[in-house]
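Here the chain labels run A, B and C in written order, and each chain numbers its own residues starting at 1.
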Amino acid sequence: MEEIYSILMMVGTFVLAISGALTAMERKFDVFGVFIIAFVTSIGGGTLRDILIGKDVFWIFDPTYPYIIMGGSIFALVFNKCLEYLRSTLLVFDTVGLALFTILGAEIGLSYDLNMLSCVILATITGVVGGVLRDVLVNEVPVIFRKEIYATISIAGASLYLLLKLYNVGYYITELVPVLFIIILRFIVVRYKISLPGIYKKI
Amino acid sequence: MEEIYSILMMVGTFVLAISGALTAMERKFDVFGVFIIAFVTSIGGGTLRDILIGKDVFWIFDPTYPYIIMGGSIFALVFNKCLEYLRSTLLVFDTVGLALFTILGAEIGLSYDLNMLSCVILATITGVVGGVLRDVLVNEVPVIFRKEIYATISIAGASLYLLLKLYNVGYYITELVPVLFIIILRFIVVRYKISLPGIYKKI
Amino acid sequence: MEEIYSILMMVGTFVLAISGALTAMERKFDVFGVFIIAFVTSIGGGTLRDILIGKDVFWIFDPTYPYIIMGGSIFALVFNKCLEYLRSTLLVFDTVGLALFTILGAEIGLSYDLNMLSCVILATITGVVGGVLRDVLVNEVPVIFRKEIYATISIAGASLYLLLKLYNVGYYITELVPVLFIIILRFIVVRYKISLPGIYKKI
């Protein structure tokens, strides 16, 4: 159990570092700017989660994560040069990070005996806050509030995970299905440009 | 005492959720965007307060608040359709939330034996941070720094509360007068377009 | 040791309060807006540092810092009127604050037995977060991501400090040289308009 936490966390950290680095490169930030945006994008959600539940912040006493983020940033720098479709690459990494961190957040919520609603909120925070900070720092309206119903997918995935947990289906199904669910759902939404209805001002 | 805390907190949460939801609706966010902005607006100040004084974050282990926020968001959705003057409605809910959370912050500061200056700062943080986060997330210069001397009113209300507490006037006066003071002061300021002098650059 | 912490912290708080106040005055914020931006700029980095390592937030139980910030704000108001070159004044205070807080962050990291990489990160957070918050609040792309390789200098200074500590050179050299290194490096960078290479998108 502890082990799957660590693996989820490391892979999620790596892919979100790439997502952050690609965004920073698009804005022509310098190399340290790229590293800082990668750092904030990948540890932002988990850091807020740990502060909220009063847990030691996961990367402070363990240098593994900063090293993974450095690795992700360097990977993005190299990757960038071979690739022509930055936008869609960004989407892939961002989506995998969203899926892994959402489920990780829900797991940690359960392990702290939080109620279901708080688990969903914690899962969503873990999944989306890094991307929100990234967007606030580069001074955009966060992606979460634009299209692609980003947060909605995270909420749906976390709810599915808690449901599978509740009905006690097999271990691997509980861990894998919600992750795949989030990834596939996001690609469908982006591909077919689905969006939730806004509630327009009547005046 | 504990009881009045809870009531202040619940009513404040409800009205600030409405304020956040109305802002998000004005920007044509989708339904989950509306809920998230409502959530951040109403728990932002209290969350930062609890983190700063090292207290358990109030909504993590208690699902009451997230449910109240859902209620406020739904209320805003329905309310929105009957109303023509969104701007002034927003002002009412925002102001009541500012007043309730400011006094709540001052009370919690006192109960932690903080000095007067820290109590005022904690009160102001509790009162205004939710609104600041809301504005940062929708990518505006926060309302606090524009007109309507928002934070100034919060500081004045908190100081009045601490003064009444110091001179030990009756319980209900101490609780109610500063709340009304903040609400009335803000309406006067908005009505007569009062603003503090800026300090203009001489060059 | 404790003593030099306090002195670094107080001087750093004072100069960053001035830097924040000058920025707010340039934007024609009202007097409380000036104080709030001064407050956030000078305590932002240290507050995040203390929250991350689970330490009591330094200014909550000790009113010294809020008073120093008030002093810095008032100093900036007076200073402003005698000065014609606001931009370069802002640079001086911002740079001294960056230097002092960076070294302070590294020291506190060491005193918590953090590994070297986390010390550098903590030092950089302490040094730059106040300025980032200031810029986000006034709705700009943070200075850190524009030119003048702000964060890079902080990282270099923190690394130099840890190196000197490791090789156990004299106490005063360890404390003073990295501070001067950061200040001089920033002035050179600004004077000769040096910037790190961006990694441009190839598409």
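Things worth noting here:
Here is the rule we go by: contacts are C-beta pairs under 8 Å (C-beta built on N, C-alpha and C of every residue); 3 or more make two chains touch, one makes a residue touch a chain.
All values derive from a computational prediction rather than experimental measurement.
Taken over every residue number at the interface, the positions common to subunit B and subunit C amount to under half, indicating a different-residue contact.
The two copies, subunit A and subunit C, are related by a rotation of 120°, based on C-alpha atoms and rounded to the nearest 5. One finds 30 Å separating the Cα centroids of subunit B and subunit C.
In subunit A, the residues touching two or more other chains are 51, 136, 139. The touching residues of subunit A, when paired with subunit B in their complex, are 51-54, 114-118, 121-122, 132, 136, 139-142, 144-145, 149, 151-152, 155, 195-203. Note for the complex: subunit C touches subunit B at residues 24-34, 36-37, 39, 47, 51, 56-57, 59-61, 63, 66-67, 77, 80-81, 84-86, 136-139.
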